[in-house]
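Letters A, B and C mark the chains as written, and numbering starts fresh at 1 in each.
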Amino acid sequence: MELDFSPIFESWRFLANGLLVTVQLAILCCIASLALGILGGIGRVYGGRVLKGTITFYVDTMRSIPVLVVIVWIYFALPLVSGYNLPPFWSAFLAITIHVAAYVIEITRAGIESIRPGQVRAAQALGMSHRQILREVVLPQALIRVLPSIGSIVSVTIKDTAIASVIAVPEYMKQSETLAAQSFHPIEVFTFAMFVYFCILFPTTRLIDRLYRRLAHLGQS
Amino acid sequence: MSSQVGQQIRGAGKKPILSYHNVMKRFGNFTALNGVSLDIYSGEVVCFIGPSGSGKSTMLRGTNALDPFDEGQVFLDGSPLPTSENEARHLRRRMGMVFQNFELFPHRTALENVMIGPVTVLGTSKDQAAKAALKLLDKVGLADKTQNYPANLSGGQQQRVAIARALAMEPELLLFDEPTSALDPETIGEVLNVMKTLADEGRTMIVVTHEMNFAKRVADWVVVFERGQVVEQGPPEQIFDDPHTERTRNFLSHLGWHG
Amino acid sequence: MKLEWSVVWQYRWLLAEGVLVTIGLTIVTMAIAVPGGIILALMRLSKNRFLSGFSLCFVELFRNIPLILVVYWAFYVMPIFVGIELSAFATGITALALNVSAYNAETFRAGINSIRQGQVQAGLALGMSRFQVLREIVLPQAFRRIMPILASTWVSLFKDTSLVSVIAVGDLAHNALMVRSQTFRVLEMLTAMALIYWALGYPQAKLADWIRKKFEVKE
């Protein structure tokens, strides 16, 4: 068997476009799911009974349904319910975001609950309001503490974008599939794709680890 | 004078059970043992004393090859200590070890902790091991705690279970690595009493300790370590009442020892 | 828009078969990936540089590649490298097991490392072999830390099995998507698929929570 990597070089532009879509999708999903998840996490800890119950149900639901199913449902079924057609990219964005946000909620909750009550009392003694205590004391420490978990969330999000290929979002996985089929060189194309994903994911997780090590002391009260 | 007399009486007509010849041990740049030579005779209680980091515990861990010596020779009953892991296992069966932090297995009851050695290593049946373990726990005064998990025992009780665990292997030699250092003052006594009982039975024991009263009362032979070397050795009367070296005197007066 | 929910009932056996395959994939993968993870963890902790290096590369590689890509890769590349034509099911299992073994290896390694060195020495001092120390002392204690993570890996795995549908393993996702494209009852079939996954996954997620609470390390 001879390996021939030339189709990859010949179609580098095609693959590079896919990579760009992967990166865009991953960044958007990370930002949106972190924002949504942190808000949800605050609601999960400080909300009233109804809000807490709803958020818990939402989190557990997302923990039990595959992201593939969410993606497919939002792309194919949601338009039939809502009457709006979302393009594949935004369907994938929406699906991955609501899926990953559930995990961010859980992480944020765990982070907030790990802060000792003494910290809150100390802030109250200074006369801070609830909102100030949350923003100035609790959240910063909590988020630093859960940074390693956030790192794995980022990694999961990037990996989940590859599943968007099933609804033909032209990201790197989809482009590789297309190229593999057209060039009749699936081995080279998929092996190269592994290399590409590894080169994105490995440094990203390492970077977040390093960031955590530098910041960890700020979260230790 | 008295040390020579002691030594003559001590070694008379017997071969040492353990004999160290110029033993060395390094950890990176740090020399933990720097040429230690020493004999230990059957039936003796030998106490190793000296400041922290002087090499006492390193001697014990080297003796049962948990952390083998780098250089020098050690003879157990006349034959050299093994170097391979497999032979080391045989060696460890002949020596019981008691650790500073007890190191009971938290997922096993007191009884199971005492049984685990005979059952897994010697292949003793569970019934037989349990019977023997009950006797040993009774001996260390814990007949009523056999079903307790270590978390539900006081430090002194845990250490007594650990002693029973070591005894369960019917060792020829017992090694105690600062057995009372991690204990609350009020439970130290119960552990020392058990050790005294064992000494009175004529067991061979090496005890690394900071309990000078115990060493003086129970030991047959005391070895003073400093910076990886033996500063002085002799019977307790010599070491505590009439130390021959300046360094022994310094160490003891540092502890506030006045005889 | 007219909904025809009867289509779900009509294809109930095909969906049930898919459910069985999904559960089978989960169980078989875990049955391989637990011993696989232990072996990789032990290799990683061994003093042999080759073994620990191999384990490190394996674990980092499969933790940093999307599973769906591993599935495609196993489908196209394995038959050529290994030389045997595996069934779609076996190919799916292979891809899942590679992925989950890598995660389990880290779980076991962290669990083993969490046990004090003194515990190992106490076992060795009794004359136990390294293997006996691992089996009798280290693993039972590490179990408390390992179980909760294994449970959540299980829940993730259950969901991830849906990804092997892309190489036509007849799991729940594959069968439901197939019925959808044959009958054009898109909303009904996709909603049914989501609900079945939810009904199966929800109790598992709750069980994983229960295990985590039960084993929570109190120190």
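We adopt the following convention: contacts are C-beta pairs under 8 Å (C-beta built on N, C-alpha and C of every residue); 3 or more make two chains touch, one makes a residue touch a chain.
Remember, it's a predicted structure, so these values are computed and weren't measured experimentally.
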Chain contact topology (line, ring, star, complete or other): line
Pair of chains with maximal C-beta contact number: A-C
Chain of greatest Cα-centre distance to subunit B: A
Innermost chain, where centres are averages of C-alpha coordinates: C
Length of the line joining the C-alpha centres of subunit B and subunit C, rounded to whole Å: 48
Mean-CA-position distance for subunit C and subunit A (Å): 20
Gap in Å, rounded to a whole number, between the CA centres of subunit B and subunit A: 56
Subunit C - residues contacting subunit B, complex: 116, 118-119, 121-130, 132, 136-137, 140-141, 143
Contacting residues of subunit A [partner subunit C, same complex]: 1, 60-61, 63-70, 72-73, 76-77, 80-81, 155, 158-163, 165-166, 173, 176-177, 180, 186-187, 190-191, 193-194, 197-198, 201-202, 205
Contact set on subunit B toward subunit C in their complex: 61, 64, 66, 85, 89-90, 92-93, 95-97, 99, 101, 103-107, 116-117, 120-121, 165-166, 169
Residues of subunit C defined as touching subunit A within the complex: 1, 60-61, 63-70, 72-73, 76-77, 80, 155, 159-163, 165-166, 173, 177, 180, 186-187, 190-191, 193-194, 197-198, 200-202, 204-206
